[in-house]
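Two complexes are shown next, each including chain A; its partner changes from chain B in the first to chain C in the second.
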Partner chain A sequence: MSDFSALREAMPEIVDGLWLTLAMWLAASALGLVLGLAIALARRFGPVWVDRPLWAVVGVIRGTPFLVQIFLLYYGGPFIGLELDPTPAGLGGLALYGAAYFSEILRGGLLAIPPGHVEAGMCIGLSRLQIVRRIMLPEMTLLVLPASVNMFVVLLKETAVLSIITVPELTMAVTGFGSANFAFSQAALVLAIVYWTLTELTGGLGRLLERRLDRFKLA
Partner chain B sequence: MSDTLAITLRGVVKRYGSNTVLRGIDLDIRHGEVTCLIGPSGSGKSTLLRCMAFLEEHDAGLIRVAGDPLGFDAARNRLPQTEIARVRRNIGMVFQQFNLWPHMTALGNVAEGLRQVLRLPKRQAQERAMAHLTRVGLADRASYYPSQLSGGQQQRVAIARALAMDPKIVLFDEPTSSLDPELTGEVLNVMRSLADDGMTMVVVTHEIGFAAHVAQHLVFLDEGQVALEGRAGDVFAQPWHPRLRQFLETYLDRGASVLLG
Partner chain C sequence: MTWELVVLLGWGAVMTAALSIVSITVGLAIGVLICAASLSRVAPLKWFGRVYVSFFRGVPLLVLLLLIYHVLPQLGLDVPGVVAALIGLTLCTSAYQAETLRGGFVNVAPGLMEAGRMVGLNARQILLRIRAPIALRLTLPALVNEAIMILKASSLVSVVGVGDLTRTAQNLASSTFLPLEMFAVAGAYYLLLNIVVGYGGSGLGRLLGLRPA
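Our next item is the complex of A and B:
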């Protein structure tokens, strides 16, 4: 019985944590997607001196653990005058992490567009900008959908890492409750179930969307 | 004089690295004629056609479309992008792979240039697009997406898309080569009716029958050079040309092997 009263006491904190997790996830996904698109377009259409540094930054982010990146940003930031509260640091870190991966996914999508589709646009008389906007971006979106859904799921799971810099998100709240009540494994089990439910929902939505867009597939 | 010529090529050279694909092509495409480019694979016929749309940039020589230099002027200065686009507006292109945009309906594909380039109001663009779909016999497929159409239907939509921009010349790059044999007829029929209407057409094709019956002007390319050209009847009446004879015999062999099958 005492377990339940403790749980009831901790419940507001856990619910707040869940909301914060969802908010961080969606905000970081959106920011990451926008920044990733900008990087992909800059690397695809920009000059070499833009492409090279972006290639390096993306490589570093993709080649190091998110845990290490978030440590560097939060604890190392102050050494270069970047003092951030846990939540903004976590959001910024997660968005950058997502942007690096999204940029590669989207760049791959741009490269997978059949060159003939672009040539057809040129022959019709579309401008470069029109070709990007009317042909390349829509076709890219279709091509990258499965990989993007996968990336959204990854970002959701990586929000748990933010507990390490004391962002009061779901993992932080639930493990806090677990250690206060000596219920570590129960807490971990609850976390697993919540994250898994959310990722399954995301995957299901993605599959639904893919089916809806099936008629647009390359013939 | 040049206004009677749709396209002129003088000394056109195209290289890919050390590989010279076109070795100085001189060619006149006359208004109102169907010109067929034939030749063995690797002879440069598709490259030549793509040069006429500036999809490939020629390395030397001069190409004029309706009298205006395409891509480079006579002094080999590269022309500005807007000028390239303006000259290219004379040309419609039909590709081997159709290259319809998969996220647009058949009507959307045909209307795209009318909306985005000619800036027609939506209704007017759709009406004109519909007229062109009707012309290729696909009015009832207007709302279909490319993935829902057969290859022959897709290619007919692609022809309607090219015609919608009202080009002076339509270039066809092996328009039936990626179609199942039973679907080539519908595409060739559309092309034949276009030719009957007096459209200027340049066609890279392996359909020797189409070349023999529809083309007024036949060009036989071999190893990046014009080996033989002239009135279609005259060219086919010259089987003494060793390379042409060899080329035509491979067709006869193929036909014979089917018969003996």
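Our next item is the complex of A and C:
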């Protein structure tokens, strides 16, 4: 990477790539979290005919590689009338992938709430919705925080995989620069350092949040 | 979709299984050493362990594979893609396994080790008879989980040209124009392998007489 003018020329593309990585990561995390919560609640409180199919879908998503899912969606989609550009396909795929994992994390959290707390809510005459909103969701949040932060980090790292279906995110932009300038290993090294920094920052923020919320923990 | 294609994908699945088994096994051995380093009282060792775990867990496997694939030839090591892939998978899983094992060792109840001292066991006996077996019981489910993660993550080696299950599906998808079928069958193979690993893990747990802790 001795030729700095080439780097300067490529910089806007790389910066755009970084923003796209961050935007897709945050959007997919938010979508995945909301959808995952919906799945967890539906499976916890819904009838069996809702629980069973969701169990199967979540199992299939968690049991197959993200890369294969993305290929199926992006290359297989057009054959069933689902023609998506790389970026929406990547976002949708990443959100679904996240939703499956988040649903399991959140379901575990719901199941780990001591039944006595729910009973206490019923005893003082809270409605079912109030119990979910005032007791179950807050308690669940504390229980699932570490696993959720972990999942956010996993999703951040999975965004790199989207470069394979030509989403112009960070990995795509930097490796593109690397191959245009015969600087493959330098490009990979820069990527490694940027992702390492981002994952460490996310993990650090998660631990900070955990400490802040620690005071709400019961006993 | 003919039977032949399913068999061809099956060979890809064998490659995927082989890559996963090698990297999980070697990764466990390295993971034990890294875990020992990060639990060590010697500061440089401890820091080496911490940085190792942080780096290889913090970098996407795809980037790690690209890095190894391109850096090794520059160091004069002209290795085939499959070796670069194995190194990448092994480094990645060793960091995860080291962290899992560390969690297991740290969470062994101190009272159990004190009890060992009380009955006159030496440090080595306490490690081998009390600490390690209990840590294994605590970490076996997480290690099985890690095996499943690596099995899935190994799909990324297709990027450095290794003919694993995903690569085979990609090649067949472009030659037959049946991407939907190829990737669905590839997904089914991964699911099958993961179910085998999951059941194998719980069977291993029973074999070792481990109850869920």
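We adopt the following convention: the second predicted complex is superposed on the first by the 217 of 219 C-alpha atoms of A that agree within 3 Å, B and C clash if a C-alpha of one lies under 4 Å from a C-alpha of the other, contacts with A are read in each partner's own complex, and residues count from 1 in each chain.
Keep this in mind: contacts are C-beta pairs under 8 Å (C-beta built on N, C-alpha and C of every residue); 3 or more make two chains touch, one makes a residue touch a chain.
Remember, it's a predicted structure, so these values are computed and weren't measured experimentally.
Student: Once the structures are superposed on A, label A:P138 by its partner contacts, choosing first (chain B), second (chain C), both or neither.
Tutor: first
Student: Now for A:F79: first (chain B), second (chain C), both, or neither, which partner does it touch?
Tutor: second
Student: Where does A:L129 make contact in the superposed view: on chain B (first), on chain C (second), on both, or on neither?
Tutor: After superposing on A, A:L129 lies clear of both chain B and chain C.
Student: After superposition on the shared chain, which partner residues are touched by A:V48: those of chain B (first), chain C (second), both, or neither?
Tutor: A:V48: touches no partner chain.
Student: Touching A:F216 in the superposition: chain B (first), chain C (second), both, neither?
Tutor: So A:F216 only meets chain B here.
Student: Between chain B and chain C, point out the one touching more chain A residues.
Tutor: C
Student: Touching A:L189 in the superposition: chain B (first), chain C (second), both, neither?
Tutor: second
Student: Where does A:E119 make contact in the superposed view: on chain B (first), on chain C (second), on both, or on neither?
Tutor: A:E119 contacts chain B only, not chain C.
Student: Where on chain A do chain B and chain C both make contact?
Tutor: none
Student: Which residues of chain A touch chain C once you look at their complex with the stated criterion?
Tutor: Residues in contact with chain C: 59-60, 63-69, 71-72, 75-76, 79-80, 153, 157-161, 163-164, 171, 175, 184-185, 187-189, 191-192, 195-196, 199-200, 203.
Student: Per the contact definition, I'd like the list of chain B residues that touch chain A in the complex.
Tutor: 53, 55, 81, 85, 88-89, 91-93, 95, 97-103, 112-113, 116-117, 145-149, 154, 158, 161-162, 165
Student: Going by the contact rule at the top, pick out the chain A residues touching chain B in the complex.
Tutor: The contact residues of chain A facing chain B are 114, 116-117, 119-128, 130, 134-135, 138-139, 142, 214-219.
Student: Per the contact definition, I'd like the list of chain C residues that touch chain A in the complex.
Tutor: For chain C paired with chain A, touching residues are 54-55, 57-64, 66-67, 70-71, 74, 148, 152-156, 158-159, 166, 169-170, 173, 179-180, 183-184, 186-187, 190-191, 194-195.
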